[in-house]
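The same subunit A turns up in both complexes below, where it pairs with subunit B and then with subunit C.
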Partner chain A sequence: MSDLPPKSSIRRWFLTTNHKDIGILYLVTALFFLVFGGLLAMLFRVELLTPAADFLGESGYNQAVSTHGLLMVFWFISPFAFGFANYIVPLQIGADDLAFPRLNALSYWLYLFSGILFGISFFQGVTFPGGWTMYAPLNTPAYMPGEALGATSVVLAMIMFVAAVTLGSVNFLTTMYRMRAEGLRMRDIPMFSLSINLTVWMMLFAFAALLAALIILSSDHIIGTNYFTYQIDGDTFATNVNNPGSSMLWAHLFWFFGHPEVYIVFFPALGVMAECFQTFTGRRLVGRKWFIISMVLVALQSFIVWMHHMFLTGINLEIKTLFMATTIGISLPFDLMVFSLIYTMIKGRVRYMTPFLFSLGALLLFILGGITGVFLGAVVLDYQFRGTYWVVAHFHYVMVAGATALFGGLYYWYPKMTGKMYNEFLGKVHFAVYFIGFNLLYFPMFIAWETPRRVFNYPVELTVWHNLSTVGAIILGGSFLIMFYNLFVSYFRGAEVGDQPWEFATSAEWAVASPPPLENFDGVPSYASGTLEFLSPSDVAKRQSGHSGAAADGGTAETSPATDGAGAEAGALATTETALATGAGTAEPTGHEHASHASFWPFMISLGGFLLFLGLSGIRTGSMLYTSLALVGGILGFGSLVGMAQEPFFAPETAIAERWPFADVEKMKLGMWTFLASDIVLFGAFIGSYAFIRFAYGWEAWHHDLIPEAHVTFPGLVNTYLLLTSSFAVVLAMVAAEKESRAGVMASLGATFALGVGFLINKGIEWQHLFHIHTEAFPEGWAITTNLASSTFYLTTGLHAAHVIIGLIIAGYMFFRSWNGAYLGDEKPIEYFGLYWHLVDIVWLFLFPLFYIL
Partner chain B sequence: MTHTKLYTIIYVVLFAFATIQAAVEGFGLVDESYWFAFWLIIVLSVVKAVMVAAYYQHLRWEPRSVSYLAGGGVLVALALTAAAAYSIV
Partner chain C sequence: MLRHTVIQNVPIAHAGGVRTPAAVFNEIFTVFLGLGTLVGIVVCAYTVYNAYAYRDTGEESKADADRPELGELPTGGGGGKKLFLSFGISAIIVLSLIVWTYSTLLYIETGPDSQQVQENALEINVEGYQFGWQFEYPNGQTTSGTLRVPQNEMVMLNVTSRDVFHNFGSPELRFKTDAIPGQSTKTWFVGQQAGTYEAKCYELCGTGHSYMNATVEVMPRDDYQQWYNGSESE
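On to the complex of A and B.
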């Protein structure tokens, strides 16, 4: 751990793990991608001045539209919201930082490098041209122009982005359930933080399904599996013949993620709107409790509406009807939220400052976007509107309405982040120009709704509406020049502000200096008395002793070593000297230790990941350059992970905190379980994909048609025995650590490692055998690309094997540490590792029967 | 949480269940009565998974909220699989 340099030093921004710095980095980077995606939109709006591809060309238009959508949805809007989340949520809930600061930095750098990888795809011939929904089989190399390396890079960039999102989700959930100020119940946290809480819940599960889809798609791209295309004879490709579920599989996986994604984008905006409505009306949100219940309902319902995006596919009428009902149903909680905001205005006294104007504008735009969306939820209307500009207009009125509120958030928290006030007049001018530009851009699309979506051609009589849209796009884009000028100049010349520039703002971020100090609060925040107060160390000590050795949450006051770090292993890799524990009861750091705020490893890991993925994008060409990049990236990434694991890093939990409903689950364990919940969805989606494809093909015919006789049960049974025994060995290692038996810990961890290696060797032998069988049905062996069954078998069990390898790396590292006497009387790190290892075991318990017996 | 004896019993049961699953196939039940064998084997897998989660991952001794967290992931995966498969019936 190195010291954190001042903000004026460029080194600081590579080293920092502090949540406020990371928040600023997210905001600046997201705004860069706004400009990137916005310029692409300008290009195709110019193209659409006439109904012919006479400016960008056909492929250029497809690329511009597709990458605009992907950049705006993934690299701009959510990261922009998470810039605020990073900066504001810990302040609002009374935490010093996020639970795992280095993971937070890692999330950011993975996000940035994923965007760079996306940018590089433009220089690999042709970037991704197939629409932001990435429909397969359209987006497999067989159906793409050229080598499709740029498209592969985009798919890999998406995987990197999802990795960043997953780490972020784990981090935010752990923070919000372990580090809330004393007395701050979940229902009482400020609306913005509450919206982020629900957002990350949705992200945790929805992005795992997307990750499964992306891994499968990248596998089709890179190693030639047949999930989405089925090669019949070497030259001819056919879909919906031998692979009847191919296109629907992608649609299910994507939209299972895609619809929650709408709320993942919109909820933070809703949180900003709620904050601004309260602050600028001077009135508590009317029906706050029902507003929250509505948000929770939407978050749950968001997972049962996805098939309304598939009404024009071959799904059956019964399921269409069911999903029409759930879709219409999800609009009801939104109605309540809209009325709550309107009634808050009526009950309060509105102050028309810039943040409020953007929030109000967002509400108006969202009402129109929401109503037009209900049309698309009705099966019959959807038949008419699907694939037209009605959809384009509707979702821009929803998504960009969200962005509108977030721009309001930028003005709202700008004084807090910079200590300077922006120019109010220019803020209002920005809003006026923005609002006019927005409506001029998107409203004509409702009128010209018969324009086919994603196509540069349209009926000539609609030209006037498209030209109006293009003018609107120029005005909307131009409005940001005002914003950038205002914020830039105000940073140097703006009036100084105190802690609280807004008269009626009440959440905790306004109780500290602007900008806040590095560790946020002078004292430990507490709401136990009913209002926010800051406790001195002696007050905290009294509270702790008052609990008779128990922590505020009722846990025991035992301590255990843990630290922030690279996932589960970090707990295992921590040293007791450097990482005082968190645990069910949390102890204050007793010595002179201060929280760490700097680490270079997150940047290095992400750089390694970037090089690895860039190499993978072209590795199928056999190019030495791409192969070398993958190799160097892999080594750099792995070495940096080891470096981070060995780095002393101290990330304390708050001494006393509100931790319902995870009061007795220490920080590392909760982080681990949260990650595992996401991993369950990832594997679930993989197994679900296998089941779906097999079901579509014909469940019982599958085994007879596609699987060789040589694929027998025995190797799977042996591997089941090996994994079960290795799981047993991990629990024995934990018991030995409790009994402080060094020999027992070493023997058990050694056995775990050896059994895991045995599992991989057995699998390797089995695969080699299947690759090289020569039968009448499979004269060329049963390889990855042979058929659907072989693709699903090798990819699903391969993903599982990758998990085994990761587990073995951790087990090997722990064995090495146990050699030096680690873990004696401190079994927690082994327990955390065990949680992961047992999940790997559980997954195999389903893969074994599905792929070997049935 | 030292339960060595309990851990050992569970290991033996898990080992035995895996063997039974293979035996179901080995004795030809999969060929004779596929769907009976299918559900028998899947139920055994579910029981094994629950035992590993409850005892080796200690969910039995953790606050119920942790089980809900893991169960949420399972529910999401099952909803996706079941609804997707039903949609093409």
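On to the complex of A and C.
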């Protein structure tokens, strides 16, 4: 733990773990990627002035549209929303910070470095040219010009980004369920925080599916597995490695993520709109309860609509009908939300401040986006709109309407974040120019909808509409110069504002200074009386004696999940555990120690991860440069993880807080549970992919054609017993810790470790044998790249083995700590490790029959 | 071969009278566009009207007694009935539109009702590749770049790809389906007017995607037959 330098010092921004600082970092970085993605859009809008590739060239055009989509969807819009979430959510719910501040910093640095890696891909020959939807098999190196290292970098950058998102989701969920002010029920949290809560729930599961898709794709790129392979080898197909389900597998994985992603992007914007409508109309949200219920319904249903992106892929009529119904179903709650916002204005005192103008504009744009979306819900129309500018125009009207609301949010919270008021006149001018530019850019696309997506040679008679769009793009892009100027100059010259610059704002962020102090609130916020109060330490003590046990779990030191390398996600878990092991030992009761706000390790871990991934992007070329980058990055990342685990870091939990429905689940345990939930989706997606490919190939023929005789059940069976026994040993360790038997803890943890190592050795022997068999069917062994079956076998069980290795690192670490007498009478860290280890065990119980018996 | 000579002499079997996918699309699109424009104008106008009507004039109003206050626990504003009424109306509009279009979806999925038309349909295999289209006719002959079909006959396309994901569609004839490696999908159309039409690739498939066009030549039946017969011997 280091001390936090002042904001004027550059060091502060590398060290900080404070949610408000990180919120600012997110906002600034996201705006940078807005400019990056926006300039790419400018480039191809200029290309589209004439119907020919006379500016960027064919490949350049494809790269520009693909990276524009990826940057805007991943690196701009969600991180922009999460800049606000970081800054505002803890303030709105009455928390001092997020539950795991270092984890939060780590999320940010992973995000930033993933973006840098994305930027580097432009300089590795050609970046990813296959569209933001990355359809297979065009996303494999076989179909890319040159060495395709840039494309690999993009895939790895996305993995890193997903790692950041997953850590963020775990963090926000834990925070919102464990750190709300007293008396603030889940349904009472302000609309913006509520929208973020639902967003992170969707993120937790949707991004896990994307992570599976990306890990598989990067393995196809780097290791040479054949999940998405479909290519001509000379004149004939290399049938053993061609996956006849390649395109469909990707489409399912991608859209299972991709549709919830639409709401992940839009929900925070809805939250901002609800806040701004309430504040600037001076009215409470009409039908608030139903608004919330609608959002919950959408969040749930978002996972069962994905096949509407695949209506033309030959899925049968029954499934089409089902997905048509769920799609229409999911549009209806939005009708309610729109009307709720409209009716909120009635009897209001509407003040046209810039945040309200952007919110109102966003609502109007979203209405148009929604109506044109109903067209797509009619399957017969969808068939014809598929792959055209109708879709482009529709989703820009929806997604950029979301961005519009978020820009409103920027003006809304700017005075809170800076303590200065922006220039209202320039804000209004920005809105006017923005709104005109937006419609001039996207509306002509509806008129020119017959243009196929991602082509540069559109029909000549549509030239005028495309030119209007280009003019609109320049106006829309130019409007941001006004915004940047306004916000920059106002930071130095704007009028000072008090706590609450906006009349009728109600939520707690307006009850503290602008900008708020480091630890947010002077007293402990509480809504127990029905309105916001700040309790003094003596009040808190009084309450605590009333609520026995409410504070019993206060003050566990923070844990430090982190990631590096290919097992990014699993790595995060690993360090959670490791740090947990250290952290819980040094736990202090609330208030006896000052909370920590600085750590250098999140930055270092992310830097290590970045170098490692950059190295991995080119490691298949065998180049010394890339190999050494990977090595250095791996060592730096791992070393920093250990450093973070060793670092004492204190993140107190509030003494009294509203914790429904997880009052009895400690912070660490809740974090672990939410993390494991996403891990289950990851493995589920891997298992699903295996079943999908095998089914596409022919379930029975698979076994006959692709798997050697030497692949027998026995090693798997032995490993099943080893893992089951090791899980049992963890339970024994817990019992021994409870009984305060040091020898018992050491023996049980030692047994867990030994059994896990046995598992890996056995697996190693098995793999070595299979790699080197010489049979008629497999003259060169059964290696990872040999065929589809070997690809799925090695990659899926390899992912599991990576989980085992991470578990062993933690078990080994805990063994050494138990040597020094840790955990006696405090078995919780062992319990948390046990949760993880049991999951790894259970996953194997699925993998064993799937890959050895069936 | 024999099949097609027979058709020429039995006028009832031809598909000149069936509702083409293009006709179906145009009808539904027109209705949606009309209703969508109307609903869009009404809702947007009402939104802007409210924003204007309830602008802050600086005057006290009755509602001012009950403005939100800092630090209050959030509650909903009134107006629930009105909310559900408008929600109900919008739901009815959307649902009835979708139910109405569902029967046409069944039509597009199953093809014309006339059994004869269906049985006489000309089946052509389409294979996409980077960057072009190949067509295989029942007599085994193949063409690239130009799909020739007889006028007023149902044409059934079996579409696949030999490399990456493509999509084969025609903006005028209104057929469209994904061309996916490793599997095939079906779509159908009827060319009721002789002439030259465009077909395009609708899924990004590489550097030549923008140029991946084909022509669809709808030919008078006799001309087609002549070409078809001649082509077989090639």
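Rule of thumb we're sticking to: the second predicted complex is superposed on the first by the 795 of 854 C-alpha atoms of A that agree within 3 Å, B and C clash if a C-alpha of one lies under 4 Å from a C-alpha of the other, contacts with A are read in each partner's own complex, and residues count from 1 in each chain.
The rule we apply is simple: a residue touches a chain if its C-beta (ideal position, glycine included) is under 8 Å from a C-beta of that chain, and two chains touch if they have at least 3 such contacts.
Just so you know, these numbers come straight off a predicted model, no measurement behind them.
S.K.: Return first, second, both or neither, reflecting whether A:168 touches subunit B, subunit C, both chains, or no partner chain.
M.R.: Once the two structures are laid over each other on A, A:168 reaches no partner at all.
S.K.: In the superposed arrangement, which partner chain does A:696 touch: subunit B (first), subunit C (second), both, or neither?
M.R.: After superposition on chain A, A:696 lies in contact with both partners, subunit B and subunit C.
S.K.: Touching A:331 in the superposition: subunit B (first), subunit C (second), both, neither?
M.R.: Touch status of A:331: second partner only.
S.K.: I'd like to know which partner A:678 touches here: subunit B for first, subunit C for second, both or neither.
M.R.: first
S.K.: Report the partner of subunit A that touches more of its residues: subunit B or subunit C.
M.R.: Higher number of touched subunit A residues: C.
S.K.: If you stack the two complexes on chain A, which partner ends up touching A:209: first (subunit B), second (subunit C), both, or neither?
M.R.: First partner only, subunit B.
S.K.: In the superposed arrangement, does A:248 touch subunit B (first), subunit C (second), both or neither?
M.R.: After superposing on A, A:248 lies in contact with both subunit B and subunit C.
S.K.: Give one of first, second, both or neither to describe whether A:268 is in contact with subunit B, with subunit C, with both, or with none.
M.R.: neither
S.K.: Go through the superposed model and pick first if A:387 touches only subunit B, second if only subunit C, both, or neither.
M.R.: A:387: touches subunit C, not subunit B.
S.K.: Output check: A:314 vs subunit B and subunit C. Expected answer is one of first, second, both, neither. What do you get?
M.R.: both
S.K.: So subunit A touches subunit B in one structure and subunit C in the other; where do those two contact lists coincide?
M.R.: Common interface on subunit A, subunit B vs subunit C: 245, 248, 314, 696.
S.K.: Can you list the residues on subunit B that touch subunit A in the complex?
M.R.: Per the touch definition, subunit B meets subunit A at residues 1-2, 4, 7-8, 11, 14-15, 18-19, 21-22, 24-26, 30, 34, 37-38, 41-42, 44-45, 48-49, 52-53, 56-58, 62-63, 65-66, 69-70, 72-74, 76-81, 83-89.
S.K.: Which positions of subunit C touch subunit A when the two form their complex?
M.R.: Interface residues on subunit C, with respect to subunit A: 24-25, 28-29, 32, 36, 39-40, 43-44, 46-48, 50-51, 54-56, 61, 63-64, 67-80, 82-84, 86-87, 90-91, 94-95, 97-98, 101-102, 104-106, 108-109, 130, 162-165, 167, 169, 171, 174, 176-178, 180-186, 200-211.
S.K.: Residue numbers of subunit A touching subunit B in their complex, please.
M.R.: 205, 208-209, 245, 248-249, 252-253, 256, 303-304, 307, 310, 314-316, 319, 661-665, 670, 673-674, 676-681, 683-685, 687-688, 691-692, 695-696, 700, 713-714, 717, 720-721, 724-725, 727-728, 730-732, 735, 738-739, 831, 834-835, 838-839, 841-842, 845-846, 848-849, 853-854
S.K.: Which of the residues in subunit A come into contact with subunit C in the complex?
M.R.: Answer in residue numbers: 53, 58-59, 61-62, 65-66, 129-131, 135-138, 143, 145, 183-184, 188, 190-191, 230-232, 242-248, 278, 281-291, 312-314, 317, 320-321, 324, 328, 331-332, 335-336, 338-340, 342-352, 360, 363-364, 367-368, 371-372, 374-375, 377-381, 383-384, 386-388, 450, 452-457, 500, 504-508, 510-511, 527, 530-533, 696.
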